[in-house]
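Here subunit A shows up in two complexes: once beside subunit B, once beside subunit C.
Moving on, here comes the complex of A and B:
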């Protein structure tokens, strides 16, 4: 029925099977929209946020999707600015994943601000002393850049491409894509960094506080670095899942190998810097604030114990970096999947630790550890963009030539 | 966002934040408009009747 819209030379499942596959994500989207409506209509009393968790599930999800969405800016930077030509075979997919991630971030923020009708105040009446203002500017502008990068792919749809104007438009956009990609890399570096900077400058919250250079705490650089390391891992993770679901090879091994090797170097150097940062914080920064290192890890009934630090730095840092750096290991498909999964989990865990815990960590003698469990409205609105992202990726894969190597890797026999 | 908004101050913070924002907006707007102009010109010249030459 929709065969006229499907790219030439590739096979897709029947429309009925495709539609059936989208029932669950579509249902989750509807559930999430209902929860979002409740949050907007009734207010933030629909959440379980409290004084200790003003930065709650939404802000963690926001930072996590921005970190894993970093695959778009870093792959774009490698492809268009550095000139790694092999990455042209995965860049479309990286852009789609990044676009979904940044749409998710904006949607979550729109719910979190409680008064979305006043969302434009952050531009109109900007507080130019706030790192979050920089984040808002860069995030919105980078989403525009991703939309611009996604547009030529949309224009390559078989039907749209038949229109000469749209065909020429797509062609011309490809010509200057390096300008947009460089702009995107510039924006992304700054907002990833500023998100890290937010906790690093909280001198009243010694768990997150970091020293740094000029106005930037070390977390500023570590956030950008980790996003550049783990973002491409998320792109490859999603790509492998797409291959599994479609039962096809979509990208050649040499492309995965190149991106995995670069990610391995980024992750390896990042984890060295992160360990050095943690040591300096534990030995120099924390004592200056009147605390001891172990105070942050032994008064929460193991909810926030040393295990979380070991999990983040060793299991989700050193292990995936080692796998991705060693050629024989990263070329083993199982170890490769373990590495990219751990890297993605690790960066999400880092955002959890650095965003949720600094606010919740008791700093006064009368403070207690407060626990927080998100309400169903918070879960639903956090799952909403994930389900929405699945819909966008599924529709893009079906109707757009996302993977340039698909035809070559999966030749269709003409009947 | 604009100098005519009451709390605007001509200081470093405003120069950096809004200088950066307007700089990026100008790049994106000029880039997109260049593409539209060139695509219109190409279409008038009869280019782009085939598919998939990217």
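Moving on, here comes the complex of A and C:
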């Protein structure tokens, strides 16, 4: 029925099977939209946030999707600016995943603010000292860049491509894509960094506070670094899942190997920097505020124990970095999946720790630790963009030539 | 010698709270709520959701009977001057829409309700939990609505609010003084909590003005500020004879002696974090 829209030379499942496969994500989108409606019309009393936990699940989700969406800017940077030509075989997919992630961040931010209709005030009454201002500007601009990067792929749809105007436009856009990739890399460095600065500059919250250089706390650089390291891991993770679901190889192993090796180096160096930052913070920064390092981890609930730091740095940092750096290990498909999964989980955990723990721990001596568990509306609105992303990726895969190597890897027998 | 007149010199309004006089009666909280049109919900028992611009904490020395001691600790917004006292308060510096601002002519940290879009970054930044979010639409019992103050705008759902040092009172006093071509007298501008305190524990005035009581009180040897070591530079000073109370004002490592006198941890030089 939709065969005229499907790229030439590739096979797709029947429309009925495809539609059935989208039932669950579509249902989750509807559920999430209902929860978003409640939050917009009834207010943020629909959440379990409170005056101690003003930043909670949604801010974490924002930071996490932007970190894992970093695959788009870093793969684009490697492909167009550094000139790693093999990566042209995965860049389309990286752009789609990044686009979904950044759309998710914008949607969650729109739900997260108490007065959604005043969201534009962040641009109109911008406070140049605020990290969130920098985030808002760079995030919106980079989402536009991603949309521009996604557009030529959309124009390659078989039906659209038949129109000479769109065909030529798509072709011309491909030619100037390096400019957008470089712009995207520049913008990403700033908004990934300023997201790191969000808690790093909070000098009233010793857990999040970091020293740094000029106006930038060390977390500014660590966030950009970790996004560049773990973003491509998320791209590869999603790519592998797509291969599993479609039952096809879509990208050659040498492409994975190159990207995994680069991610390994980025992750390995990041972990060294992160450990150095943690040590400096524990030994120098924290004692100046009157806290001892262990005060942040000794509390009546085991929720914020030292285990979380070990999990982040060792299990989700050193282990995946080692796997990705050693050729034999990263070329073992199981170990490869373990490594990219741990890396993605680790960067999400890092964002969780940096957002949630500063809110949970008391600063005044007579304050208490505060615990928080999100309401169903918060879960639903956080799942909403994930399910939406699955729909976008599924539709893109079906109707667009996302993977240049697909035809070669899966030759269609002509009957 | 400072030859500047009181009329032209920048003011720095602040508060000195004598904790040894505070009985924990809560009059300050009630007066503040009435003065500033704080909404009233049916259930105010969850203190993480209810709005109390000034909140009285109850702290103890942690000792068993008969050595137990209790101190009531009122905590309004500290109207921080920020690092180097240059107006970059923890909350002001992070607000992305300039909805909270530092007034250099009074030292008061303001909140512009119609500009706040409810991102709550300021709440994450404030270590004193002095900022409150309007999770619900503001409601008052029918009769109470008739006694709302016309000088203070009620806040809408989805914005942050906090103690303003009853700034509307300053506006009224300043307008009157301007008409009469004189400066605002000390007793002309007093916050609602100061006036309501039956034991006279709260003193309010211009910390820069030698004629005001707070000017002398802030230099008292019993004086300290909350979380002095974080360099927030609060304009609320506390007094107590009791060493454990002064120690409760800040965090210290186990081997450290409290040196919490105001300004004891002042930063040298500018810039950096």
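Details
We take it that the second predicted complex is superposed on the first by the 414 of 415 C-alpha atoms of A that agree within 3 Å, B and C clash if a C-alpha of one lies under 4 Å from a C-alpha of the other, contacts with A are read in each partner's own complex, and residues count from 1 in each chain.
Operating definition for what follows: a residue touches a chain if its C-beta (ideal position, glycine included) is under 8 Å from a C-beta of that chain, and two chains touch if they have at least 3 such contacts.
On a predicted model such as this, the values are computed, not experimentally measured, just so you know.
Between subunit B and subunit C, C touches the greater number of residues of subunit A.
Using the contact criterion defined above for the overlaid structures, shared-chain residue A:16 touches neither subunit B nor subunit C, since it reaches no partner.
By the document's definition of touching, both partners, subunit B and subunit C, reach A:126.
Once the two complexes are laid over each other on the shared chain, residue contacts for A:168 go to subunit B alone; subunit C is not touched. Once chain A of one complex is fitted onto chain A of the other, the partner contacts of A:211 are limited to subunit C, with no touch recorded for subunit B. In the superposed model, A:370 makes contact with subunit C only, not with subunit B. In the superposition on chain A, contact of A:288 is made with subunit C only, not with subunit B. Touched by subunit B in one complex and by subunit C in the other are residues 124-126, 129, 133 of subunit A.
Against subunit B, the residues of subunit A that register as touching in their complex are 8, 123-126, 128-129, 133-134, 137, 141, 144-145, 148, 152, 156, 158, 161-162, 164-174, 176, 179-180, 183, 186-187, 401. The part of subunit A that touches subunit C in the complex is made up of residues 43-45, 49-55, 112-116, 118-119, 121-122, 124-127, 129-133, 136, 198-206, 209-212, 214, 217, 287-292, 358-359, 363-367, 370. Those residues of subunit C that touch subunit A in the shared complex are 46, 48-49, 57, 59, 73, 83, 88, 90, 93-99, 115-121, 123-129, 131-137, 156-160, 226-227, 229-232, 247-254, 256, 271-273. By the touch criterion given at the top, residues 1, 5, 7, 11, 13-14, 16-18, 20-21, 24-25, 27-28, 31-32, 34-36, 38-40, 42-43, 46-54 of subunit B touch subunit A in their complex.
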